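Same chain, two partners: subunit A is paired with subunit B first, then with subunit C.
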Partner chain A sequence: MTLTTDRAALDDWYVVGISADVTPQAPRRTRLLGQDIDVTRGPDGRAVVRMVGGAGDGLLCRSEERYGFVWTTFGTPGRGIFPLDEAAEPDRRLVTCGMVEVAASGLRLVENFLDMAHFPFVHTDILGALDKPEVEQYQAEIRADVDEVWATNCRFWQPLAAATSTGGQTSHYVYRVVTPFNVLLYKTCPEAPERFDAIALFIQPVEADRSIAYPLMVVIDSVNADADIVMFQQKIFLQDRMILENQRPRTLPLDPRAEIPTRADLSSVAYRRWLKTKSLGYGTYEYAGA
Partner chain B sequence: MTTDAYSAHPVLPIAEGWHAVALTRDVPAGQALPVVLGGREIVVWRGEGGAVRAWVDRCPHRGMRLSFGFVRGDTLSCLYHGWRYQQDGGCERIPAHPDLVPPKSITADVHPVAEAAGLVWLRIGAGADGPAIPPGDWQGAASVTVDVPADAVRALLPPPAGGHAEVQPVGADRCRMHVVAAAGRLKEMAAFAEQLRLRAERQIPLAAE
Partner chain C sequence: MTTVALVLHNHDLLADAYKVRLLLALLGLDYQRATVGILPGDGADEPAYRMLNPAGSVPTLVDGEVVLTRPEAMLVHLAERYDPAGTWLPVDPAVRALVFDWLFFAAGDLGAAEDARLASMLGVAPRRADAFAAARRAFRVLEGHLVGRHLDGQAFFAGDGPTIADVAIFPAVALAADFGLGMEEFPRLLVWARRIHGLAGFVTAPGVREVV
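Coming up: the complex of A and B.
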């Protein structure tokens, strides 16, 4: 594997590890955009990311720690790591939910995260019910001022919306794609219905069709232990992984003729259009159809 | 075909015409079976009414493999979003929009299919109306995966009298051999299939030689 030359992919920030797991005693060897890297800590306690092998062997990469993760970039991002204001609210808990390797493009993971229509079939009796599969009209747009994709006014009936749920609820969702490989949602908090829980999915694109996903919960939850919140999130994500590894192609086709959307896929359509405007090639499928 | 290239395996050139891909008895009513033919991922499924179908193993909506889906009556539904396909490949229901009649343009990628001599066949490209097979009252005896190229297995055929074999190329170095038997020769032909596999993979001579 060698480092990609895709400019749009290089000029962005990516999660490459969980802060709490990175210690000088346990350096993490992993891969980002085809480039092997070591993630460790220096004597001053700061995270250090260094390239291993290839033309950049030994090079130090810019790194930061934010939201419980180590972030790095190989290029020159147009902006810093995106803001996540909820992370600073004092009564919120930030729960990192481990990491899951998935043999699929990270872009497929983002689309799956944006998708409500699969809840009844993939997360049956948890995030959806087979007898309530309808996706009501919602809005999706590319917000040019912040360069993000938003889907708003999303509603879905859920038998067990979160680890704190005691029964079904109509969850209200807002989705926010902040970079091509990082996505957030805000959904009705069962414990404080006037506020929203935030759930993030940060993706480390290992290769064009291989990813590591890091879910992060930023929730109001006075009941559950961290372990229970992690278990809930991991159960959901493992159900998704079975789908993600069996989509063909494993990369994401951007050509509108390659896959057929419906109204429920408005957010996916906006996301694919946005990726095209960025000229992002990494993790996409070069459509060669008629 | 366009969607063949989406396969997770390298797609190999393959002869036009009919290819056996499963024993009839390995595709019972109400079930979907994934098969690979020259790198092409294909779902073979049988409706509860008994008719068998062979499609590109991919839902046209978001690319999910249809072999993970579920058969209800004479329809196959995708596991991801429940899109339901009828036997001609046309999509008849999109659960996210229960009141929508899906446009005719939404259809699975369909292969011509036939059942003959205890085998399920599909046609790639142009060809005759049905597969050419030696006359006889054949029953499926065994399907075995052999980790050598299809031609290496074909070189060891045909089976003894009372048997017939078809070889399905899977990948460059893997194939699947389907052996059918005349009445009263089932056990003999099943044993032949296993012996041939050992011989092809490990160069062990057939016991009869």
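Coming up: the complex of A and C.
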């Protein structure tokens, strides 16, 4: 594997490890955008990311720690790591929920995260119920001022919306794609219905069709142990994983002729259009049916 | 539901824990669940948990005075204690011996499937070399046995109906897609898995399809 030359992919920030797991004693060997890297901690306690092998062997990469994760970039991102204001609210718990490897493009993972239509079928009796499959009308837009994709006014009936749930609720969702490989959502918090829980999915694109997903919960939850919050999120994500690994092609087609969207796919249409404007090729599928 | 003082120290993602939850559900037993903080986390290394289960394996089943740390032993215990009719662990010596044979297979060779699965999903270092190939070999043994059973007019691993042998084997089979083992090689296993899905009280686990 060699490092991609895709400029749009290089010029961005990516999660490459969970801060708490990165210690000088346990350096993490992993791969980002086709390039092997070591993630470790220097004598001053700061995270260090270094390329291993290839033309850049031994090169130090820019790195930062934010929201419980180690982030790095190989290029020159146009902006810093995106803001996530909820992470600073004192009554919220910030729970990193491990990592899951998926044999699919990271862009597929983001698109799955944006999709509500699969809830009843993939997360049966948790995030959706088989007798209530309808996706009500919602809005999706590319917000040019912040360069993000948003989907708003999303509503879905959920039997067990979160680890804190004691019964069903109509969850209100707002989705926010902050970079091509990082996405988050805000949804009705069962414990504080006037506020929103934030759930993020940060993706490390290992290769064009392989990813590591890191879910992050920024929630108001005074009841559950971390272990239960983590397990709830891991369960949900592993249900997604079996669908994701069966999607073909494993990379994401951006050509509007490649697949036929329905009204429920509005957010996916906006996302794909946004990716095209960025000229991102990494993790996308070259449609040959033109 | 019968009310009993059963506690399962559980993690929803483990095939070994799913075996036990599945039998508890099939028997209609009520129980408490305590989540062990692993995958990620070192909850299995906490002193309180090690007091209960010195090897630090998950799950652990506590039934009053009885504390069990091996899922197949839990299945035997639950069947003997809560299924006096002997449906799940028949009293007939020949059938009973066959059930035990498959329980040991589930605890032994078939463990490769969970190794391959946890490595593929979560990057957990496998306990054996080439777990995928070992899992595939174990699946061929299962398929071969079911073909023979089918020719004898039988649908389950031992005896005339489902037993705890089927319960012990089901999770590995149902979760095979998690590590990319295609079921097209194992048609009898697929048919058998559908029968398990159809049992009264059947429950799924993450990664196990609700609808087949």
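Couple of notes before you dig in:
The rule is short, and it goes like this: the second predicted complex is superposed on the first by the 289 of 290 C-alpha atoms of A that agree within 3 Å, B and C clash if a C-alpha of one lies under 4 Å from a C-alpha of the other, contacts with A are read in each partner's own complex, and residues count from 1 in each chain.
As a convention for this text, a residue touches a chain if its C-beta (ideal position, glycine included) is under 8 Å from a C-beta of that chain, and two chains touch if they have at least 3 such contacts.
The model shown is predicted, which means the values in this text are computed figures rather than measured ones.
Applying the stated clash criterion after superposition on subunit A shows that subunit B and subunit C can sit side by side.
Within the superposed three-chain model, A:P256 lies out of touch with both subunit B and subunit C [touch as defined at top].
Contacts of A:Q234 after superposition on the shared chain: subunit C is touched, whereas subunit B is not.
In the superposition on chain A, contact of A:V135 is made with subunit B only, not with subunit C.
Of the two partner chains placed by the overlay, neither subunit B nor subunit C lies in contact with A:G54.
Contact with neither subunit B nor subunit C is seen for A:P193 once the two complexes are overlaid on the shared chain.
Touch criterion met: A:D226 reaches subunit C, while subunit B stays clear of it. Aligning both complexes on chain A leaves subunit B and subunit C separated at their closest CA atoms by 6 Å. In the superposition on chain A, the residues of subunit A contacting both subunit B and subunit C are 121, 242, 246.
Residue ranges of subunit C in contact with subunit A, taken from their complex: 11-13, 35-41, 43, 120-123, 177-178, 180, 206-207, 209-211.
Those residues of subunit B that touch subunit A in the complex are listed here as 2-3, 5-8, 41, 57-58, 60-65, 68, 79-82, 94-98, 100, 105-106.
Residue ranges on subunit A touching subunit C, taken from their complex, read 18, 21, 96-101, 103, 121, 124-125, 212, 225-228, 230-231, 234-236, 238-239, 241-242, 245-246. Those residues of subunit A that touch subunit B in the shared complex are 111, 116-118, 120-122, 133-135, 242-243, 246-250, 253, 259-265, 285, 288-290.
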